[in-house]
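I have a structure I would like to understand better, so I am pasting it below and will then ask my questions one at a time.
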Amino acid sequence: MNRDELTDLLEKVRKADVTVDDAVEQLKTLPYKDLQYAKVDYHRELRSGFPEVIYSPGKTIQQILGIVSDMMERTTGNILISRAEEDVAKALKEKYSQAIYHRQARIIVVKRKPYETSEGKILVVSAGTADIPIAEEAAITAEVMGNSVLRLYDVGVAGIHRLLSNIDVISQAKVLIVVAGMEGALASVVGGITDKPVIAVPTSVGYGANFSGLSALLGMLTSCANGIGVVNIDNGYGAACLASKINQL
Amino acid sequence: MNRDELTDLLEKVRKADVTVDDAVEQLKTLPYKDLQYAKVDYHRELRSGFPEVIYSPGKTIQQILGIVSDMMERTTGNILISRAEEDVAKALKEKYSQAIYHRQARIIVVKRKPYETSEGKILVVSAGTADIPIAEEAAITAEVMGNSVLRLYDVGVAGIHRLLSNIDVISQAKVLIVVAGMEGALASVVGGITDKPVIAVPTSVGYGANFSGLSALLGMLTSCANGIGVVNIDNGYGAACLASKINQL
Amino acid sequence: MNRDELTDLLEKVRKADVTVDDAVEQLKTLPYKDLQYAKVDYHRELRSGFPEVIYSPGKTIQQILGIVSDMMERTTGNILISRAEEDVAKALKEKYSQAIYHRQARIIVVKRKPYETSEGKILVVSAGTADIPIAEEAAITAEVMGNSVLRLYDVGVAGIHRLLSNIDVISQAKVLIVVAGMEGALASVVGGITDKPVIAVPTSVGYGANFSGLSALLGMLTSCANGIGVVNIDNGYGAACLASKINQL
Amino acid sequence: MNRDELTDLLEKVRKADVTVDDAVEQLKTLPYKDLQYAKVDYHRELRSGFPEVIYSPGKTIQQILGIVSDMMERTTGNILISRAEEDVAKALKEKYSQAIYHRQARIIVVKRKPYETSEGKILVVSAGTADIPIAEEAAITAEVMGNSVLRLYDVGVAGIHRLLSNIDVISQAKVLIVVAGMEGALASVVGGITDKPVIAVPTSVGYGANFSGLSALLGMLTSCANGIGVVNIDNGYGAACLASKINQL
Amino acid sequence: MNRDELTDLLEKVRKADVTVDDAVEQLKTLPYKDLQYAKVDYHRELRSGFPEVIYSPGKTIQQILGIVSDMMERTTGNILISRAEEDVAKALKEKYSQAIYHRQARIIVVKRKPYETSEGKILVVSAGTADIPIAEEAAITAEVMGNSVLRLYDVGVAGIHRLLSNIDVISQAKVLIVVAGMEGALASVVGGITDKPVIAVPTSVGYGANFSGLSALLGMLTSCANGIGVVNIDNGYGAACLASKINQL
Amino acid sequence: MNRDELTDLLEKVRKADVTVDDAVEQLKTLPYKDLQYAKVDYHRELRSGFPEVIYSPGKTIQQILGIVSDMMERTTGNILISRAEEDVAKALKEKYSQAIYHRQARIIVVKRKPYETSEGKILVVSAGTADIPIAEEAAITAEVMGNSVLRLYDVGVAGIHRLLSNIDVISQAKVLIVVAGMEGALASVVGGITDKPVIAVPTSVGYGANFSGLSALLGMLTSCANGIGVVNIDNGYGAACLASKINQL
Amino acid sequence: MNRDELTDLLEKVRKADVTVDDAVEQLKTLPYKDLQYAKVDYHRELRSGFPEVIYSPGKTIQQILGIVSDMMERTTGNILISRAEEDVAKALKEKYSQAIYHRQARIIVVKRKPYETSEGKILVVSAGTADIPIAEEAAITAEVMGNSVLRLYDVGVAGIHRLLSNIDVISQAKVLIVVAGMEGALASVVGGITDKPVIAVPTSVGYGANFSGLSALLGMLTSCANGIGVVNIDNGYGAACLASKINQL
Amino acid sequence: MNRDELTDLLEKVRKADVTVDDAVEQLKTLPYKDLQYAKVDYHRELRSGFPEVIYSPGKTIQQILGIVSDMMERTTGNILISRAEEDVAKALKEKYSQAIYHRQARIIVVKRKPYETSEGKILVVSAGTADIPIAEEAAITAEVMGNSVLRLYDVGVAGIHRLLSNIDVISQAKVLIVVAGMEGALASVVGGITDKPVIAVPTSVGYGANFSGLSALLGMLTSCANGIGVVNIDNGYGAACLASKINQL
């Protein structure tokens, strides 16, 4: 509710077009209405590509079906279910023909309309094959959110030539997501090559002194390359959210 | 060196306009020349505002004066010395009249030309007064890099109304930097209010279970708000680098 | 044994109403009798609502049935079995018709008399849906202990308006229990809104840098809001104990 | 602004007692006004004893004098400066004759009116002599906030009889604050003796595997005694805030 | 081989009672023979009660049967298999009628001769029922090693009177083993009551901030009671070894 | 591509023996060709024994069979599959008669030609029987890479004579790999006895304060013996790589 | 107060030799009197050698002088001031001619009577020269407590022969204290050589991955040698307390 | 003492050329004599370049002068004092004209004979200028130990071209030492480029999530490049020891 609307309402009260009681009803929720206005604004942005998202772990198939069913009625956009296992996918595909299961990314999309494709490109770079599930989580999420996505996988720094021979791909990106486990050094090297924003996703790939992703996390946070933003371990989804916001500025 | 330039050089060799020896000289460095090309590109971007940066800790005043003196000859841009103490500032101001000392931010700028001002705005939000030095490090760095910067300080979540009454300022920003110590909850709250990219800077402000910034760092990494990129503890400079890259896309 | 009883006993010895041997028997255990007196006092307080509690993990169904059977004879109050799985509930309900299983809270109550309802209210606030099991553990425990309990769930700080639009609920509470995982920021925000005592329960909800609840735990301990008491990770039961003691002062 | 006030304002608009413009002015800030109302409410509670608080570390003497001077004009209550060193105390006492320096607690009080004394008593229990500064920080803070405070110091569990011979003191308290470093076992023992709310303050007293208070902190969080609320390491001030809120319910 | 034996051997060489070659054979292994002598000495002590020990985890039933079978031939003492699950016990009892399975302690003893009983007594004290398996591991091990063992279980500090009413049991012990999880405070309290050597065993009993026994471990290491020796988390066996050595001095 | 080859190519361009277009093709990839040259060099070294390596965890049997099948065509050397479980071994042995499964080491070798045997010897020393799987991973890997390997197992420092009586074996080695869990002290003792390079492999063998290998890792890194290089916890494969490089210098 | 004394008192009440009021006075403190009885017993043991102990850090010289002065009047035994710096020693020696300063051990003894010498011997073994201050803290403390002490310093495991050539010294000890920093491996080796109780003291000697003594602490706790009791980092005093209790059994 | 010498001695006993007493003297120390023989062997290797080493921290200038003075008499080789501050250097240079102070490396060499120069070369690579002190500690130590040393400094991965343009230097090395702080990624990149043994030295350079070198340490241990041996944080000296052993094989 902006100043004009507020003035308008008060004028109506003054003119007795609106009773005091009705005005009180509208005004008493002003604090959060204002915020819901922000939310509406947010929704607007979302309608242009941002999916409804359901985080699968800890929910029964029945619960997920219920939420999706509700969303099918309430909304018109695409629906994204993250961290979904095979059985959830099977149940959804049986019920909704538009459901697509991205196995590696563990993402189900109930695709009700084509994805937008942005002009700017998000490049998802990953270090080893074991990092691909998280990389794909980021890539698919970004695509469903309406971004054009490039992929550059298996270019870990132990064979730096693999990365360097793809500088042309790197130069096409507007934003980069770097996904790496173990020591996470790829983020530093990519951050040194490009002058575009880099979002780093440490993965829990590794063992021993990796301590479930801690080595990659600390490595990315203390990177000698400036201008790297780090998200939580294995958080491909979060990286895509941030990259999408940047890409669609 | 792009394909055209390469073809051109080889044509010159074929036509004997360039000797084989001269061509060898130019070509033998191709690997890193290509990379220096990237660097040149980087420099181009930098010339439009990005300062030369000297990290002060661990360097003697004599060394810093030496580096600055060298830069004064080699470059024309502004020079930024970060984490600089009072005595460094004094020495620089004695020698260079253009030197400005931002005490709280511990930044010296040898200002040889006016800063650019970008259309997009970076908003620096900070939680407590003790976080201001890091917030100012981010803000001044972003300004020297040619960004228009807004500040919103002392809006920690323990008094949430302080933040909420400034939603209009928040809505003006293209990118936000959130600086907070202790539990770092401000990043989550801001991340929930805005749909713009948020860069979170945990600070070492606090004591006990803060463990030198660990509590804020972990809190920001596991934020319930999506799309937050985290930098190292107290790394206002790094946050400004990332924000500037995003702001100038 | 208070001073009067002690005087009385000694008078009896003096008058030879009690033999020295009998008196020695009674007095030699004085140290712990005194403490048991404290315990009796404690029991008195407990009789007014506090349940007998059995911590289920690590006990066989047979052992739990045995303990409950023993309690049914020895006591008259309600019996609470915490962290109980489905199979334990089934076995108890077969044997005791009064047994109620709160599935989410994983609590079984063998309800032998109605719960008391206190004048003061305990409000249990939780951040995300995944925190609800711990929130319910706290809420049900508090109810069985004779407290009036209010619930305010799914009001995480990433959507601060959800919390703010319920300020009237918050203002009804005498004590608040805030249950949150991930970064646990909800405790700080609630602590800043209310001037009532806040008990914070970090949960292990999250992944990666959450480190099994460490991020929420450290965040709550270093909260910028004063006057927050923190209990162990996932310890909804302990929070209810403390809240109940405060509520019934 | 409650419903009645809102209705009243609108009635005035309807009756043209208030212009639409003036009403807009008042209403457009409703969101945070509501929150400031809460703050006013908070202030009310504070006026009955709660001091204005200045956290001294990181502030210059000049800054502290400035803030105090400002408070002297704006407020009428007592002013508490925490973690204040000798030189700060000296400067304040020179300027304000009412300033009292509690050296061990590192607290300065500019005492402009007598402290309230509550009916309920807060008991501060501490383990070793080295814990006394934090214990005193809690005790003095609680006193300035208008609470009657009892002290029971140097009753660490290595000599359990010292604690047990003071059970009568323990039984007088409405709320207890337990301050202990090293392994922090005192909190568990006190928590087992009393049925009143216990707030535990781990201190950084100790060395080696104490890891700056970590051993006491973890010990208190995992206490086998139920109903203990833990605050940050060395946070005597925070414990007093929580205890005061409980004591004055 | 002591000096006398060495002189004797050389005398024999001098007198040609032993050839140089034979002497060389005996002398060339002197370094480790000396150590094996120590080992023989050790064996002597062991024969008077110390069992042969097999650590079960990671070994197949077949492997354990093989080792026991081998020991049955090579030795005459009792055989102790630690951390043994039900199925291992079943297999051993089928083959050896002397095999006894202590289920809680997860210890199998192939009892070929009665245990010695020492004059000095080892008292095993445990905090909660969940600590009993580790307490029993210590107690049974100590018994098999020929020590008289007293048990005092479920005397956690949250109910300090349970411990204090058993001071007479405590005073009978020559050495004490204190087994406790959670915050491990029992070690400090017992260490303050007795002037005998105390061996503390932290257990992994607990959850959350217990961090798999870390809270109890740190608590015991930083105990305010002097003269406590700590062993590894859950290491009842190791505590019994140390207690037995002390008890049989 | 070295200077001579570069000169040669340019001469051919000059003489028109090579067209400019062909030269451009060759030169535009110079950056990584140079690196691939390094790779060729690397391959050369590998052909003399270094196996192709497949890390098994996280790959399906089908994927592994696919990679091996591809390698069988592309290469002629031996193929090593590490961390392979029983079922993978079975599948490979069914398809390839040359497949050998080293169960303890969890290594499958598809042995297409005999291993080289180096003059220098690598000695693998291990502390306890539980460390043998990692020790064998190192030993077998080193053998497949063409090294002569000696083994010295079960010589943990708790029985130092076992190690000392094998000094002659130790003195035969050119490089030593020391594999130890628990406190990892064996690395220090071996490092003090030999003057050859020692590579230490901490293992996750242990429990409690071992914290999944952390105790051995920290112990080896802070060893009082100089000149020890440490690899990741349980990384027998990596130790063999380093030892092999040293052994074949 | 034992049973006989209690009977005696009651008899006196019966005979009216003691009034009921006086008896109540004596009996009402029974809980802690009983405990003080234990304390008297403790004192008795202490009088035969155990010193009064003052922990110096955090106390001013004035405070220490005050405590010593008080002790000089109240007690007759030796007084030990631990962790005392040079200036404290100087002040004490000026006032008390019997004061002796052990500089390395940072211990002052006000020696008022000769130390007892026990039959059993405590051997203090240390790894490096940097560990000697803690080793001496243990040795001197043990001596003042009336034990015969042997020293074996600088026998770290990197030169195992230094230790082995002193097996005869090791065999003379009844109890051993092993003091080692860095990886703390000495405890394991000594624990494997002797069958006497071993008390291990990790020291903070080292840097980097030593993490202030953590590496030695974890190493000693997870030692492959059984029967080692570990005390806090740098806690030579605590080790001496435990060793003394064992030695004087 | 080898078999021949032993036979010889015994023959002499038999022939009475040596008395039994003298033989006993020689033989009773056989265990460690054998080990000292190893030490002599070690010494032999050392005489060809390995310096006597004194670790300076924690020693007074007087103590260091004493040790050096003693060494000057006992030995003829070069003497290396590590981690030496300015004042130590000054004192040594005053007394010994041959003393050289390497300020950055904090190493003093009392150079009594020229260093050997090995055929194989050790390359010391460092990431940033702040890592140079540790890199120089490694380089100087290696030189004093008789190795030819190459240096490649300031080639951190944020500017990967700096490293790649020096591939020819890298290819000259027989062993490489990589010194890097922050995230330590340089070790992975260098390890991927070379097939020579790589020794990685994490440094404590960095702040925040660097946690005093932990991020670099974990990064290097979990490197995706195989065959990297890691030493302690800031341990340039240890890296040089290992590199020297490898280089001189």
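Residue numbering begins at 1 within each chain, and the chains themselves are lettered A, B, C, D, E, F, G and H in the order written.
The working rule: contacts are C-beta pairs under 8 Å (C-beta built on N, C-alpha and C of every residue); 3 or more make two chains touch, one makes a residue touch a chain.
Keep in mind that this is a model prediction, so the values were computed, not measured.
Under the contact definition, subunit D and subunit E share the contacting chains C, G. Subunit C and subunit D have centres, each the mean of its CA atoms, that are 25 Å apart. Computed centre separation for the pair subunit C/subunit H is 60 angstrom, with centres defined by C-alpha atoms.
For the pair subunit A and subunit C, the distance between C-alpha centroids works out to 39 Å. Shown for subunit B are the residues that touch two or more other chains, namely 31, 34-35, 38, 159-160, 164, 193, 208-210, 217, 221-222, 226, 232-233. Chains touching one another form the pairs A-B, A-C, A-D, A-F, A-H, B-C, B-D, B-F, B-H, C-D, C-E, C-G, D-E, D-G, E-F, E-G, E-H, F-G, F-H, G-H.
Contact residues on subunit D toward subunit G in their complex (touch as defined above): 130, 159-162, 164-165, 207-210.
In the complex of the two chains, the subunit G residues touching subunit C come out as 3, 6-7, 10-11, 13-14, 16, 20-21, 23-24, 27-28, 30-31, 34-35.
Taken together, the subunit D residues at the contact with subunit B in this complex read 29, 31-32, 35-36, 38-39, 58, 202, 204, 212-213, 217, 232-235. Of all residues in subunit C, only 127-128, 156-160, 164, 182-185, 188-189, 191-193, 206, 208-211, 214-226 touch subunit B in the complex they form. In the complex of the two chains, the subunit A residues touching subunit B come out as 34-35, 38, 41-42, 45, 120, 167, 171, 174, 193, 195-199, 217, 221-222, 226-233, 237-238, 241-242, 244-246, 249.
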